[in-house]
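Right, one structure below, let's go through it.
Read from first to last, the chains carry the letters A, B, C and D; within each, the first residue is number 1.
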Amino acid sequence: MPVITYRQALNQAFAEEIERDENVFLMGEEVAEYNGAYKVTEGLWKRFGDKRVIDTPISEAGFIGLGVGAAMMGLRPVMELMFWSFAYVAYDQIINNAGCVRYMSGGLINCPLVIRGPANGGTNVGATHSHTPENFLANTPGLKVVSPATPYDAKGLMKSAIRDNDPVCVMENTLLYGDQGEVPEGDYIIPIGVADVKREGTDVSLIAHGRAVLTALAAAHRLSEEFNISAEVVDLRSIRPLDEQTILDSVRKTHRAVLVDENKPFCGVSSQIASMIQEHAFDDLDAPVQRVCSLDAPAIYSPPIEIQQLPTADRVIQKVLAVCN
Amino acid sequence: MPVITYRQALNQAFAEEIERDENVFLMGEEVAEYNGAYKVTEGLWKRFGDKRVIDTPISEAGFIGLGVGAAMMGLRPVMELMFWSFAYVAYDQIINNAGCVRYMSGGLINCPLVIRGPANGGTNVGATHSHTPENFLANTPGLKVVSPATPYDAKGLMKSAIRDNDPVCVMENTLLYGDQGEVPEGDYIIPIGVADVKREGTDVSLIAHGRAVLTALAAAHRLSEEFNISAEVVDLRSIRPLDEQTILDSVRKTHRAVLVDENKPFCGVSSQIASMIQEHAFDDLDAPVQRVCSLDAPAIYSPPIEIQQLPTADRVIQKVLAVCN
Amino acid sequence: MSVARAEKPKTGSSPVDYAKAPINAKLKPEQKLGFLADMLRIRRFEQASLKLYQQGKMGGFLHLYIGQESVAVGTLALMGDNDHAITAYRDHGHALVVGMSMNECMAELLGKATGCSKGKGGSMHFFAPDKNFWGGHGIVAGQTPLGLGIAFALKYKGLKGCCLSYLGDGAVNQGVFHESLNLAALWDIPVVYIIENNQYSMGTSLARSSAIKSCLAERAAGYDMDWDIVNGENLYEVRAKTWEAMQRAHEKSQPTVLEIDTYRYYGHSVADANAKKYRKPEEIEFYKQNHDPITLWENRLKEEGIADDAVIKKIDDEAKRETAAAVQFAEDSPFPELQDIFDDIYQEVDMGTEAGKTGRHFFND
Amino acid sequence: MSVARAEKPKTGSSPVDYAKAPINAKLKPEQKLGFLADMLRIRRFEQASLKLYQQGKMGGFLHLYIGQESVAVGTLALMGDNDHAITAYRDHGHALVVGMSMNECMAELLGKATGCSKGKGGSMHFFAPDKNFWGGHGIVAGQTPLGLGIAFALKYKGLKGCCLSYLGDGAVNQGVFHESLNLAALWDIPVVYIIENNQYSMGTSLARSSAIKSCLAERAAGYDMDWDIVNGENLYEVRAKTWEAMQRAHEKSQPTVLEIDTYRYYGHSVADANAKKYRKPEEIEFYKQNHDPITLWENRLKEEGIADDAVIKKIDDEAKRETAAAVQFAEDSPFPELQDIFDDIYQEVDMGTEAGKTGRHFFND
């Protein structure tokens, strides 16, 4: 299988879906002539032209709302937020219009909209640019939320998102865009709502989404090398819908869970997972479910400090050792 | 002690703080000449005039941002959102400016701002008007969030919020505005970050905030009458900062917890509480922590159905019976 | 200020006889009677809904359109196959004019399963995509970029149409409306923004909410966009100027902002206890006496010899009959079931597709 | 289009000699030399910061102000005790002109504990409330209502001052800016919005981002607000027109929107790999050759006989020396400690007040 970057995998998904369906178009700030602030849409404007790849002014509420309206009419807009952090100027459009219009119309309308962009800390862009709102978005019945951790998942989930008849929020990560991985050429999809066991293990379940999956894998590797502990790594891939079965199967096997989550702790995704696990696998747990989140402060700029603000393999290992003794 | 409504209690808090501190002013849509959409600010404009009680155009992002700027300059704006649901058009101002400006300035700035208004379902105003964003707001280090359930707490917490030197979000409830209760005349405050055991019990801890506290109390009453179960009711009052000690003390006494929460389930406040309890009181729990949230759908209009969408005493009782058998 | 304006409507004094405008000149008498019928249907429907609300048979908000009927009728009756419409929460009039039945609308108000939104949306959320009507939206100005997107989709598909996008005079101060204006002008989107200026946003008069030069629509000039101001009590003028804007959208794919002066008789919503505090009762009376769009149109029809009192009464009786039947239908209809709460959230789930069955979608236990 | 505009700047051809404007006529030679010094300090500071960035000693974004120096110097030097300022992320120039030290600014860029924001804010977030400078804000136009609030507070306190609130040409299309304009005009808030029109928002030219009539500032007309357009390369014109707006704020408590034409030489940020793709290299060269604000001011000072090459060199050498010292200071300074992450979030916690000790504020284990 060809090895390409996460960025290229997304780019392939866009190109293939634009060719497959005339209703698919990309829109966002600098996505066309500039090739994307992070080059995710590189070459697509040249290839598909003004109609299918569209640059916008800095008006997120306006163009996300435009996308919702266009989606109600049957188009399949793929809207880029240069950073998911900028969703907060368009929040009403995302939650109330994309998220609620189907319900309020009693099912007369559906909204096949994709909103995508990076949602991550760790790049020293400061507190306002480092938000990870997947927990909030997934709180909203009517929205779907996915968070690919690998190039393979990125392409497959993006294609599912574009074909989905409901609004899907795709949480990407600027720290992953350059990651390489095997990605099939041509068409394949990864269904939304299916988690993936990225590493099998027997002693503890590390449950994560997005970049935290890589942190979990790094921790799992060291746990086996240095501590002879066999950690299973479950990649949620999709936050809503959520593959609770795979999570519970893993925990019932390992009897221990450490959740790795780049959200801020209070009501982060891992709070929901922890709450769910203790509710449905109470008697299977040999220890409390533990969480490793971003340190609970706005994203700090200082580069050597911010890297420690995100979950690290060290912090994961400490938690695992605490529950595996 | 005089018995007044939740609405009047808030009104007293405003009047007393406006008189106490010349930097305090109220601002929002229809708060002045109209006396407030829900009459919470009734009479204040007449009494204190244009400078202290100010009507705004329908520009939440603009006037909340104005409030942040004014607070940076040392004023103490008390900003009303007619509904907290409208926070989503001002979300960037709340999260990034009110919530982050102190951090990004390395502590050079503080923002003594209050943002207040009702955040509740149950009034048949539809999905877009029934949001309860306390979980999201409390996710943000830099913001404080309180949610008074009674007239007494409403006045005391509002006064603390206005005097606090950091931004405080006060989550009120249109269904509580008419509730009556004993409220001292004159000055008293309830510190932010202190929960209140609203009813003592030994068999199970019902933990709630806002209107859900009343649901929990109703359930507790019936549990003792009909099932001879002694339920303790813990009112969080403050979401962030959070009084974890009182929660844990209660659970360590009763060994069972049922969380009652009008949030939508996914990453609702109760997910954080459940996760925290199982982490810190794992060995004290005789049963998994249970949650009773709003049914996981956008708020439905149909009056007889929406009332069942919110947590009901019946649903609380079922959960309690399930864990107390 | 508003009374002053009302005494001489900005454009009322205009010498132009809009009846002679081509779009009006070609009207057949039945059509003109049809306009009257629609205005009366709106008024009777809402008067009945008010009663039901007062009887406690409704929850939430009820925003009455009474007094503004000529705006919905004058504009929406111009819609062709590829023309679409979207408005805010004061949506009953628009819904009836685009052809939604009184039955489904009244049932929605009562929260019944037979309602246009199955009782899930209520008064603020009437929709009929099959009639090119996209709601019915509760967040002030939140619908304005949706209207832009609908018009964008028409252009994308190569269809010659437009989207009539309504908002109130208070809604112009939401930022997203301005973002929409810039996008519409920048990209030549065939959207027609119609500001229904009833001079108040809740209890706030225009003068207390908006800094303006001559009028609200003039803000469009800053985007190099066409705009006009319309005397809403004159059905012919409303039609002529709206059609001009629609033509601009159809032929040149260019946007317009229209500001139509009108007036609401009731409070902002039925819950508005102050309806007669922030404006003098005399002001309301003045409008009812001198500017009622239905009375003015009836007089016009009489002048034109198209209708006499008998004809008008017949039309009104029919509107009342239709209304009464709708009330009956709504009252007789069942409420949704509790489990219906979980339908109409995700289409994939509703359709039972593979995607709709994969993973947990709802987080109740 | 931008080159075309550049060839004859909108107002450059203006016959007015702004040097004669009272605010300029009374300038002493030292003050004029001070303006040159500040412009050179900005340029040298940023050239040094660029090196550090390229050496990998910085993270995140670095938005250079080089080419726009005359705007910050021409406007902010007019600030009196009760005048305040707030800008976006391209904030180094503003910071240095209001009197922040190169040391604290350079240290901030390197994320050091000695930085103006203790290394927590970085390039986009310089603040100096003691100098009436309120940042340094990363969300496009997010600072515009803050500027309004600062000016509101001045009026509330009865102080005669204003807030100079800067934004870019792309930022005008954020809705919150329009909400701010309406509020400013409606309530007579002494805010002066200064659009630094460098003709691009990232890679998007003004023509691709904004539908305008004659210019962006003209949008203020829709709010019945004063506005003007300024040739940013002429320091005297910048000062004269800004002072006029500040006077309007001081004396009449009325807002203004100024659009100052300028140009940035570098990419949007240093990470901008396309800086020479969305505009021709010749365009950049053209500006450097014909419109460099520092060169033009140097020539002016020579014409006026205030400075010769030697004087200018001395000033420049001093700027270089100060810059080198700042780099040294920044390099030598320590990074914050990991536990510092939890300071500067809640003032009550930082101060150790009762409120700061009550309940759990942070949710790490």
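As a convention for this text, a residue touches a chain if its C-beta (ideal position, glycine included) is under 8 Å from a C-beta of that chain, and two chains touch if they have at least 3 such contacts.
Predicted model, so just to flag it, every value in this text is computed and none were measured.
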{"item": "From chain A, the most remote chain by mean C-alpha position", "value": "C"}
{"item": "Chain pair with the higher count of C-beta pairs in contact (A-D, A-C)", "value": "A-C"}
{"item": "Computed distance of Cα centres, chain D from chain C, in Å", "value": "45"}
{"item": "Geometric centre distance via CA averages, chain D-chain B, whole Å", "value": "40"}
{"item": "Computed distance of Cα centres, chain D from chain A, in Å", "value": "36"}
{"item": "Residue numbers of chain C (touch at least two other chains)", "value": "117, 119-121, 125, 137-139, 142, 173-176, 179, 182, 186, 208-210, 345, 362-363, 365"}
{"item": "Shared interface positions of chain B, touching two or more other chains", "value": "57, 59, 61-62, 85-86, 88-89, 92, 96, 103-104, 126, 128, 141-142, 240, 264-266, 272, 279, 290-291, 296-298, 300"}
{"item": "Contact footprint of chain B on chain D as seen in their complex", "value": "86, 115-121, 125, 127-129, 134-139, 142, 144-154, 156-157, 163, 175-176, 179-180, 182-183, 186, 343-348, 350-351, 353-355, 358-363, 365"}
{"item": "Chain C contact footprint on chain A (complex, rising order)", "value": "25, 51, 56-57, 59, 61-75, 92-93, 96-97, 101-110, 141-142, 144, 160, 164-166, 191-194, 238, 240-244, 272, 279"}
{"item": "Chain A-touching residues of chain D, taken from the complex the two chains share", "value": "58-61, 108, 111-112, 117, 119-122, 124-125, 137-142, 170-171, 173-176, 201-204, 208-210, 274, 277-278, 335-336, 338, 340-342, 345, 362-365"}
{"item": "Residue ranges of chain B touching chain A (in the complex, touch as defined)", "value": "61, 85-86, 88-89, 91-92, 95-96, 99-100, 103-104, 126-128, 131, 135-136, 138-142, 240, 263-272, 274-275, 278-280, 282, 285, 287-291, 296-298, 300"}
{"item": "Chain C residues within the chain D interface of the complex", "value": "173-179, 181-182, 185-186, 208-213, 218-225"}
